[in-house]
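Mind having a look at this structure? Questions to follow.
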Amino acid sequence: MFYATLEGLRRFNIPHNFEFISVISLYAQLIRDGRLKVDHSWNKDGLKFTCQDPCKLVRQGLGDKVAEDLRFVIRAVAGEENFVDTWPRLSNNYCCGGGGGALQAGFVENRRRFGRLKFDQLAATGADVVITPCHNCHTQILDICDYYGGRWKTTHLWNWVEKALVIDSRG
Amino acid sequence: MSRPKGSVLVVGGGIAGVQAALDLADSGFYVHLVEKSSAIGGTMSQLDKTFPTNDCSACILSPKLVEAGRHLNINLLTLTDVLDVQGGPGSFNVRVRKNPRYVDPDKCIACGTCAEKCPKKVPSEFDLGLGTRKAIYLRYPQAVPLKYAIDPEACIYLKKPGRCGFCKKVCPSGAINFDDKPEEFNLEVGSVILSLGFRPFDPSGLDYTGYATFKNVVTSMEFERLLSPSGPCMGHMERPSDHKEPRKIAWLQCIGSRDINRACHGYCSSVCCMYAIKQAVIAREHSGSGQLSSSIFFMDMRTHGKGFEAYFDRAMKEGVNFHRARVHTILPAADDNLLLRYSGEDGGIREEEFDMVVLSVGLETDPEVMKLCHDLGIELDHDNFVSTSLFAPVASSRPGIFVCGALGEPKDIPQSVMEASAAACGAGGILHSSRWTETRKKEFPPERNVYAEPPRIGVFVCSCGINIASVVDVEEVTEYAKTLPGVVFAQNNLFTCSQDTINQMSETVKRERLNRVVVASCTPRTHEPLFQETLREAGINKFLFEMANIRDQDSWVHQKWPHEATNKAKDLVRMAVAKVRGDEPLPYNHVPVTRKALVIGAGVAGMVSALSLADQGFPVCLVERKDHLGGHGRKFYRTWQGNPMQEYLEELMERVQSHPKIDVELGTTIDEVEGSVGQFRTRLSNGLEVAHGVAIVAVGAESFKPRYGPWNYLYGKNPNVHTLLELDQRFIADDNALRGLHEAVFIHCVGSRVPERPYCSRVCCTHAIDQALRLKELNPDMDIFMLYRDIRTYGKREYIYQEAREKGIVFIRYDLDNLPNVREKDGKIMVEVIDPILERQIRMRPDLLVLASAVRPRDDVGELSRFFKCAMTEEGFLLEAHMKLRPVDFATDGVYLAGLCHYPKPVEETIAQAQAAASRATLVLSRDAVLSESITAVVNSMKCTGCAVCAMVCAYSAVTFDRNSGKAVVDTGLCKGCGACVAGCRSDAITIRNLGNEQIMAAVEAAMEE
Amino acid sequence: MGKAIVDLSSIRATVKKQIAKAVPDAHIDYCLTCGLCSSGCPATGIEGLDPRKFLRMLVLGQDEEILETNWIYSCTMCQRCRYACPMGIDVGRIVYEIRGMRPREKRPKNLQRSCDLQRKNNSTGIPDEDFVWVVNDVLEEVRQNEPQWKDLQAPIDKKGALYYLNQNAKEPTVEPEEMVPLWKILHVAGIDWTYSSKWWDGANYCLFTGDREDWEYTVRKQAEVVDALGCRYYINTE
Amino acid sequence: MSIVNQKIGGEIQTIASSLLESGEVAAFLGYTKGSLPGMMRPYVARDSGEAGNLSWSSFCVINLANYLPALLRSVEPPRRPNEPPPEGQLPKVGVVATGCWSRNMVVQVQENQIDRSRVVIVGVSSRGMVDRRKVERLVGNREITAIEEEDNVLIVRGKGFEETINRWDAVRDNCKTCLHPDPVIYDELAGGLSGDRQIPDRFHEVEEIEALSVDERWKWFQEEISSCLRCYACRNVCPLCYCPTCFVDDSRPQWVGKSTDEVDTALFHILRAYHCAGRCTDCGSCESACPMGIRMRLFTKKLQKDVIELYGFEPGLEADAPLPLSTYKVDDPEDFIITAGKKGDQK
Amino acid sequence: MEQVTNAEWEPRIIAFLCNWCSYAGADLAGVSRYQYPPSIRIVRVPCSGRVSANMILDALRAGADGVLVSGCHPGDCHYISGNLYARRRFALLERLLEFVGVEPGRISFSWVSASEGEQFAKVVEEVTERVKRLGPARRLVKEISSCPS
């Protein structure tokens, strides 16, 4: 969990010499810098994407900036017009209900009840793909999609970045 | 020290600034009124209606603005910035910069041709971007000064000279001046008043509100413009997304207030609850009977002002929904609607769809204002409001510089107006020895006696450039005027109001020996005073004058019917001539002023009023019913900011007693009052007769003691049950027993906001919480529970509510359906109440129970109100002349009120009101004589039957029934000339001078001739 | 919930006081009971509770019920309430403290187990050698099967790499092929990166048990390995 | 002879006599028999002897309140205009008052026309006064030489005929629709009280006109007043019309022409009625006094109906309720205000 | 007086406007250039409470085809309560006039505030329209003999 480390370093004042970053910001930076070339032409069928803003990464972690990076990357790899945003979004987005140990703690019924709001919100976007940058979100959203009968595909971001990669002929 | 300057700088032309300027200019000081924008009026001019009277904001404001705009002793500096202030009390040197208007105000006739032709549209800041204006614009239709201005940021010509310039081409009076330059200069003043107001909180940063994302989420200020007839949808109330009329609106309270997390504003903005209710009510009215559903989502309903609670009750009865819930999530719904998800107190989630959401945004200080205050060395508090002390509520940290209005703390209009007068009083206190030294006075030649002369009427027909002439055939009208009976002279002018025509008119009157004048031009509402003054300059009584409004009410509204408009202009001229024929010269009624004040009541309000006047050199007779000074204040321990009350009071009493200008009459009441403004004679119970020019009523109020009835709560039965003031007594006495207490319970609203006393006592929440904090100081381990209905710690008082919670004082809400149950068991108090969140019965066993009981009006106020012919509210408080704009005046001239007899209020507001009352009183006391209305009622006693209908319908008690003669009599000093008496009289026995039935009939019949 | 009378004269609100001591800026008492938190919380209604009622129970000293309710495991400590709370009250943080007050044996078993495992090395409990083996195995497979990726790298313990990459334990244990896309991306972008063979798991369940000491220990270990490798950036895969 | 009225007449005599005898009142205003059959005229008794001339019958149609202010002035010591009244109690007068007359007296007190403390009111519950025109009609407009009144019938005699008619058939319209025959204020009573009456269709006369079309109403109005002579008898008998200069006599301004021009006559009747709005007690004096039989009561009755409908007010019932045109309520009805499409208006 | 055909006939309407609200509203209509028929002749009075029944009848008598009285909205009266007394006077007068056969629409009452320029124009339009439908005034007009039509 991004936050566990970030907040841990912060709260316990743990000495370290590195900078702690999210891979999403890294993707965005690489794409912006041109070090990573992506092409969304693969998505000629117009697969619609939306995403989850992981609480621990966005609201509690790096804020709206990383959430905007996430959208930037999705738009870059799936096509500008193929991204459908949720509401609420960014730092104000709903928690999926899988975080905070809920996936491990048992109380499955409660967890799914919690996830209902997230399910309705994602379903309302009509997206075909839900990008879940966080592992907990990924598992929870897979589960509620299945449980409540959603029709989207729940995936990590890296699959789509890979799909859109433009590899120099130099290889 | 050399004599102080006799002038004052007022910075900020909102209602507070305008009020301060008018008070000062009318009491002998010259005022520079500086306003940053192109017109005065401030926020109030943007509002649609005002609470709790639902007055049209522009309607009640406009006359004040016009008055300020043409006041001989107010130098209106619009588009002007204050750069620097040097010096100190009595002598400040102020550097200002007047920014270019690019329109010569002396030439602009506000015809609007320029704006019509201007090709550049930009969002209107007055409409908060909801509508557009042109690059050359009037800030708003009733702007004062009514002069156009060019916005250099938008103007095509100013950005690229040579392009555009249409306005200059079409301006009929050649007023456009693209070469206008900023101008810097210095002003020498003796005092400075800052009335820079506030700006509405910008909720863009509060993403969860959906503002800036959803078009149909608007701020309350934006909603005011949507409601306003002069707003972007001309009062039709459309929602922004599709211009449809909303059917269901939600208001969200405390947006940017009482929020230390996202908004960083821990204070309460004081006005939002009331304006939200007002908007909810008005919106329903706009949309017709019950068509619109309005819901208000709030934390605590804060309707703590005069008439507010009744307004709230009425709104509830009329079907406005109130939800005690803050809303976190606003979701988009179909048709641009919005879905609100909120939680009931039981924790149940409810969802409701609205087609519009209004954010009740709070008030904050503009960063530019912060910078100015910083540059001026004015201390700000941590919320960036100007720091003041509760005992000197309008004094800033820099001596000689005063502050009023929302700049000091969020507040409503009456409070701002009150403070404006208080600030004027502050400035007057420094500068009184220089009164009338810098003011200008108009001198007129003696008036010609025209009684015996037959009417010789002159008619001046104005072309108003092309404003009239392009539609109305002014030549034809002029020729026609010459044919009318009594008309000996008629002339057409390009601009009748231009300085050269005015001079020429004066000459014409003398040359032609005219004794009546008609000007056919624009509206008398703006121009009558100018022409009347011209008549006086020509030695003619100013009441021998009429206007025919052939522009605003003719050429401008019948542009497509030139023939009919010309005929109508002739009719209007004929009517005016018929009316003026009957006009008689009227006296300028002067009432000599006895320059002494009577102040009734020697509590804080009365003593502050008395001292404020006495310090300005006016003798005061201070009458107190009890045999000691101090009033209610003697019972208070400290203010909510912790200032010891008794020390302040001691000092105040000492100053009053030793002041050479104050006579104190203790143990004395009023027996009889005669006379009117300037000339009161009051007989006191000790036999003394006091002649005075003004009176200030400051008789205070009482604390409600719930000895019987539903709010008893063991009061008077158990020794450990106190009212707030009784607990204060123990604090004052430093009762050590308090330190040993383990548990205290406070019950709020004891006898307030209940059917028999349906008003909020305003002070008790703050007082009770401060007492709880005091108990915590005495014993930090004491458990304290506050049983409340709504916590009403408005303004900065919110911080002590926060502090109380922080200190572990527990607040439990109750309502009238769930009253606390107080019992006694073995001499021990037991209190039970249901906590609405836990939905569980809570039991407390306090060893101290404090009742925050109501402030109630004194029973003898009625008698006093009869003496001074002033009205009372249903609750028995005294009623001011106007709830919004005349908060310390009575409808009866020369009588003012201050303190608790007006409404419950804390000491800082009492002091401000007392200073304000003193300021208003100086308007009379500073003069040898006051002018009373000339156009007044007059009784024909031959016709009068004495039925007294006239007396009953007179709102000013100017007409009374005289038992001796059996006839009605008019006190011209009180009469305002409204004519309600005339229309009520069946016998034609009472009439209004120059507005008699015969004259009106002459005009009516003239209209029907041809 | 029992509806017996709450006798405030006999309650002490010990939990509230404990939290106040541990977290001076928790400001539980600031609560205005405005309900904004509850309106925005997806856990409202679960176990008969919502954030406001939860705070109210603390304020009115319902300590037993607070320590017993499993609502604290439905609250994901997501802080959505805190985000908009006018008083900035951090219910997530308070829940964290209360989770920590529960004796270990009363905490949800699987959650506690994840943390216990993490304290040893990673949350799934697979040995570090297995992780190294899986990475190399998968890498080898890609290099062989996809000729265009024959140069793909997945360095482990590469000292002085610019970037350190953690790896959520879920992939190496149940879906190892999910590691590959990221490797490819980093490869194409020419990123100089490395895994660590120790403390490589980015997850940290000790945060969720509310156990401060466990959480601190694991983060400290992670930081140590990254610094030991001398990486300038620590990339979290989330 | 009507036993009831005779008894009342006797009691009035007794009371008046004792009031005059004791000096309690300086004069007593009542009725005495007129010279024509079925005619009564107001009468002032100045001593106990004259009290014997007082009488009571169903023909007391003119409202005595009308004479009360002048009578009060007549017993005061003479003084110049605007000279304050002398100190101390001024002489009192006695007066007979039925329900409507007493209500007028209440209004007169409210309008400062009489001083209540100077009036001893002898209350009489009215059984309804008889309309002489109705009697004439009921006997076929033959010349009447004598009318004898019994409790429930009138025996009408003329040349060659004697007819007995039902008294109630001849009672005035205003009395038939009167709800409060008992005096509202009184100091003594002659005869008993009869209590308020229930009359479901008390405004039927007005409603019948209201039901007409506007043109029909105009026609009715024109016809109704066409015979008006502008003799002002209606005004002169009205206790509400006490202006020193009536608007019809005013020349500055001249509201109404003085001729019998139709418009001026119409304006006279409209304004006269309007001046009575909220004050008229429907005593019927005006109609009874009109030589031409104009039913001008309908105009005042219409206003009476509207005042009740709009403001829930009936004059004279409560001494301290302000007259409806001298007061207001914030939420008074205002359906008549045009809104030009603004709020609530159906588009 | 010459008979004109209704098509081109423009009625003459006397409008008594209170100085503080409705007269100002009429000014604002002008400032905002709201166009309305040239039918009204405005008489400025201090307050709608100044307008008596006599004045309204006098206007009709003098030949006005319609009379409009307009004041401040209830609660807005510059003189506190003048419009509230006026409201009662007008309500009764209007009903009485209709009772005696004066056409509904001859006399009209409205509230127009100083900020309701457009509203003023609309009121004039409506009043003019109503009067036009009725045709020239005949009843209570002095100059012409009233014909029971």
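Read from first to last, the chains carry the letters A, B, C, D and E; within each, the first residue is number 1.
By our rule, a contact is a pair of C-beta atoms (placed from the backbone, for glycine too) under 8 Å apart; a residue touches a chain by one contact, two chains touch by 3 or more.
In this text the structure is predicted, and so the values were computed from the model without any measurement.
**Q** Quick check on the contact graph: shortest path length from subunit B to subunit E, in steps?
**A** Minimum number of steps from subunit B to subunit E: 1.
**Q** Counting hops between chains that touch, how far apart are subunit A and subunit D?
**A** 2
**Q** Among the remaining chains, which ones contact both subunit A and subunit E?
**A** B
**Q** Farthest from subunit E in C-alpha centre terms, which chain would that be?
**A** Centroid comparison gives C as the farthest chain from subunit E.
**Q** For the interfaces B-C and B-D, which has the higher count of C-beta pairs in contact?
**A** Higher C-beta contact count between the two pairs: B-C.
**Q** Taking each chain's centre as the mean of its C-alpha atoms, which one lies nearest the mean of all protein C-alpha atoms here?
**A** B
**Q** Quick one: subunit C and subunit E, Cα centre-to-centre, how many Å?
**A** Measuring from centre to centre gives 77 Å for this pair.
**Q** Let me have the rounded angstrom distance from the C-alpha centre of subunit D over to the C-alpha centre of subunit E, please.
**A** That gives a centre separation of 35 Å.
**Q** For subunit A versus subunit B, what separation do you get between their C-alpha means, in angstrom?
**A** Chain centres of subunit A and subunit B, defined by C-alpha means, are spaced 54 Å apart.
**Q** Report the inter-chain centroid distance for subunit A and subunit C in whole angstrom, where each centroid is the mean of the CA atoms.
**A** Inter-chain centre distance comes to 16 Å.
**Q** Return the residues of subunit E touching two or more other chains; collapse runs of consecutive numbers into ranges.
**A** 54, 58, 75, 81, 85, 89, 119
**Q** Could you list which residues of subunit A touch at least two other chains?
**A** Answer for subunit A, listing residues that touch two or more other chains: 91-92.
**Q** Taking each residue of subunit B in turn, which ones touch at least two of the other chains?
**A** If we look for residues of subunit B contacting two or more partner chains, we find 208, 329, 953, 984, 997, 1001.
**Q** Of all possible chain pairs, which ones touch?
**A** A-B, A-C, B-C, B-D, B-E, D-E
**Q** Which positions of subunit B touch subunit A when the two form their complex?
**A** 207-208, 210, 213, 329, 331-332
**Q** Can you tell me which positions in subunit D touch subunit B when the two form their complex?
**A** 81-82, 84-85, 111-113, 242-245, 247, 250, 252-253, 255, 275, 322-323, 325-327, 343-345
**Q** If we count contacts the way the header does, which residues on subunit E are in touch with subunit B in the complex?
**A** Result: residues 10, 12, 14, 19-21, 23-24, 26-38, 41-47, 49-52, 54-55, 58-59, 62-64, 72-73, 75-76, 78-82, 85-86, 89, 113-119, 121 of subunit E touch subunit B.
**Q** Which bits of subunit E are touching subunit D when the two form their complex?
**A** 53-54, 57-58, 61, 74-75, 81, 84-85, 87-104, 108-111, 119, 122-123, 125-127, 139-142, 145-146, 148-149
**Q** Over in the complex, which subunit B residues touch subunit D? Could you list them?
**A** Per the touch definition, subunit B meets subunit D at residues 285-289, 941-949, 952-953, 961, 964-967, 984, 986-989, 996-998, 1001.
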